[in-house]
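In structure tokens below, several structures.
Consider the two complexes below, in which subunit A is the common component and subunit B and subunit C are the respective partners.
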Partner chain A sequence: MNEAWRFFLIFFGAAIVSNILLIRFIGLCPFFGVSSSLETSIGMSLSVIFVMTMASSVSWIAWNLVLEPLGVGEFLYIPAFILIIASLVQFVEMVIKKTSPPLYRAMGIYLPLITTNCAVFAAATESVKPGFFTKLNIAYQYGFLEAVVYSVGIAVGFSLVLIFFAAIRERLEDAPIPRFFRGVPIAFITAALFSLAFMGFAGMFNL
Partner chain B sequence: MDWDLVWKALISLAGIGLLLGMLLAVASRRFYVEVDPRVEEVLKVLPQSNCGACGLPGCEAAAEAIVEGRASVKICKAGGPAVTAEVARIMGVEVETDTPRVARIHCKGGIAVSPLRAYYQGVSSCRAADLTGADKACPFGCLGLHDCADVCPVNAIMFDKQGLRRVIARKCTGCGLCIDACPRGLIELVPANARVISRCKSKYLGKKASSVCRVACIGCKKCEKACPKGAIKVENGYATIDYDLCDGCLECAMVCPTDTIEIWAEMKWHPEGGEFVVPPK
Partner chain C sequence: MEERKTLWGELKKGILDSNPLLVLMVGLCSPLAISTRVENCIFMGLAVIFVITCSNVIISLLRKFIPDQVRIPIYIVVIASFVTIVDLTLKTLPAIYERLGVWIPLIVVNCMILARAEGYASRNEVKYAAVDGLGIGLGYTMVLLVMSVIRELFGTGKIVLFDTTVIDLKVRSAPIILIMFPGAFLTFALLSALLQWYQLRRKRFKGGES
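After this line comes the complex of A and B, so read on.
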């Protein structure tokens, strides 16, 4: 397996084959919460890509330089990663607020919301423990670059599905749906069908 | 007990925490953004519930918008007049409080006074009935179906015993949703303290108007002449009252030969059906 091909597999596997929203069902709250309009979902997607990449790479460093050498990673990874994600989001928010007010306005309220997003935590965890949430026993440790590619893959998969879903929901607004199903119920049904479609990728390949 | 492991855990977590804390402390100095002190003050008086009724994402965004002048000081609906007054004080502007407005249906021609020319059996909707020409002889009157009542979020639109739709003023919030629902454009927002109301929008004049409805505005212009303030204009065949000028002297209602202009004090809903009018104080 040459280098580029391995990176491609990691990326594609994270983004599509084991998509975080539709296959692993992690991070469903923003999936239903901010998918009601295309504009907000794009803002959310941008923030998620940004934060997930940052959080996973810093978590990978903390795991490989501090937690694992000291032998405390196995039981300390949850508080440590949450600490990292929360402070990182704060830090990023400050930097963006100072350096790029338009970007800050575009990301708006979604940036602090991501602090408590389980998808970010899942990406950080899986970049140091591959296959942790898919219950796959993968005896493989990602290198730093691989971990970054992996988390970008998860974030891109998240964004892709979120934006597609927002586009579908905007169309659902005008569709002749029975009154009982309007709003969130039809969104759940649509998400289930969407998930079934993505299950077609299952087992294609995985890392 | 493995104290070694406990120490390692404590030190590593504390180390990470300290490092990140220092990073944040430095960042908060380095990347400090000057904000208008009024934003902070306005934010303090806002309700802090982040309800989003103003259309902005949360109270903080609303405070920024108010200070930057992108939003009116009246934007906070949840806080009501008290918050508006506080915000206005901080921003140093005067607010004039609007008189509340309620929707009124400008048609008085019920079944007793306005004859039917046909029997409508189609889809039960004013919009559909209007396309067919409808059952009512008057082509401008209220069809008495339920398009306006369907969109009313507070159920303020009821039947009166004349088979017309009526707005119950004390329930109406003045949202104006029914205005677009009426295919004949009969509904308008009127100040809640208005004393008179012209309840016809018939474009017919004289005999032609009264032949399709006994209480139709015939466009005689008596009210226009009687009004001491010049608040009434007869245009397109019906009288329109300008409530900015009207002082509620009721002269127009006195001279109106067809009783189209009505004294509107407080109309109360009668449990037996219909409305009766409480005489003005």
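After this line comes the complex of A and C, so read on.
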């Protein structure tokens, strides 16, 4: 298997085949929270792509250079990764606040909550422990580049679904649906149909 | 509104009016993933009730000492300690841990618990914080149980609790889609539609069509 093809498989597997939102149910709070308008969901996607890639790279370095050589990885990875993510989020928040106040207001509570976005945490954990959340038995460790590609894949999969979903939800606003299905319920039914579609990719390949 | 709060009212609020899953829409990940079996949900519910109540109490006790700038990391450390307790305790039950294991560390990053710490426990007295945590935890567990009963019963045709079959519908082929990924979204959609229908009805009875 040549190098480029393997990277493609890792990317595609992370983004589509085991999509973090629809197949693995991780990171759903921001998904339903910010997906009601296209603009905020694009902002959210960009910051998630950035935070997730950075967090996974830094976590990978922290795991392989600090935690693992010291033999404390198993006990300390949760607080260590959370701290890494929290500081990155703080940074992104400052940048957005300075560069785009409307976007900052629109994303409101969800920006600090990227810290507690389990998707970011899961991506960071999986880049050092492949298959931890997917429950796949992956025997080898990702190298640095692979870990980065993997986390970008997860982030792109997240953004893709988030943006598609936001576009659909904007249209649903005007759709004639029963009153008690308005808002949350119809969003979830849409997600169910999405998930059904993504199940078509299941088992295409595992890596 | 602030003056007239009672312990019972706070408890009920968490279960119904601001149910974390159906109304506030926080902490959705684990319920959707693990509600394929009732058994999982009992343990997950207990774990969450424990973590949220304890962390609410501790944070409420410390609310006057926590500097505002570093409050989020402190909350997370408090929550993470209780999650670690749960994690180590559940390890004594290998069969359950096998299925729930990956979701326990994710309780740390469950926005529901952090949101309660930030939005409630840091501003209220200890007893209210404790009751609020309990209420939110119970609300979470209830939704979890309802979802898992629906999904396990109709998705597999029977409910198995601790290796004994409690209910058996004796169907030849169950709609397995319910215990697969889309089923989670679908069940949740129907539950929240039900809640919305109930609220609309109640509003209409109280007069004043909105």
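The definition used in the following text is that the second predicted complex is superposed on the first by the 186 of 207 C-alpha atoms of A that agree within 3 Å, B and C clash if a C-alpha of one lies under 4 Å from a C-alpha of the other, contacts with A are read in each partner's own complex, and residues count from 1 in each chain.
Basically, a residue touches a chain if its C-beta (ideal position, glycine included) is under 8 Å from a C-beta of that chain, and two chains touch if they have at least 3 such contacts.
This is a predicted model, so every value here is computed, not measured.
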item	value
Touched partner set for A:65, first subunit B, second subunit C, both or neither	neither
First (subunit B), second (subunit C), both or neither touched by A:117	second
Partner chain(s) touched by A:199 [first = subunit B, second = subunit C, both, neither]	second
Subunit B versus subunit C as contact partner of A:145, first or second or both or neither	neither
Which of subunit B and subunit C A:83 touches, first, second, both or neither	both
Of subunit B and subunit C, the chain that contacts the larger number of subunit A residues	C
First (subunit B), second (subunit C), both or neither touched by A:180	second
Which of subunit B and subunit C A:94 touches, first, second, both or neither	first
Footprint overlap on subunit A, where subunit B in one structure and subunit C in the other make contact	79, 83
Of all residues in subunit B, those that touch subunit A in their complex	5, 8-9, 12-13, 15-17, 20-21, 23-24, 27-28, 31-33, 57-58, 61
Residues of subunit C touching subunit A in the complex	22, 25-30, 32-33, 72-73, 76-77, 80, 83-84, 102, 105-106, 108-111, 114-115, 180-186, 188-190, 192-194, 196-197, 200
Residues on subunit A engaged by subunit C in the complex (per definition of touch)	22-29, 32-33, 78-79, 82-83, 86, 112-113, 115-118, 121-122, 125, 132-133, 135, 179-189, 191-193, 195-196, 198-199
Subunit A residues within the subunit B interface of the complex	62, 66-67, 70-72, 75-76, 79-80, 83-84, 87-88, 90-91, 94-95, 97-99, 108-109
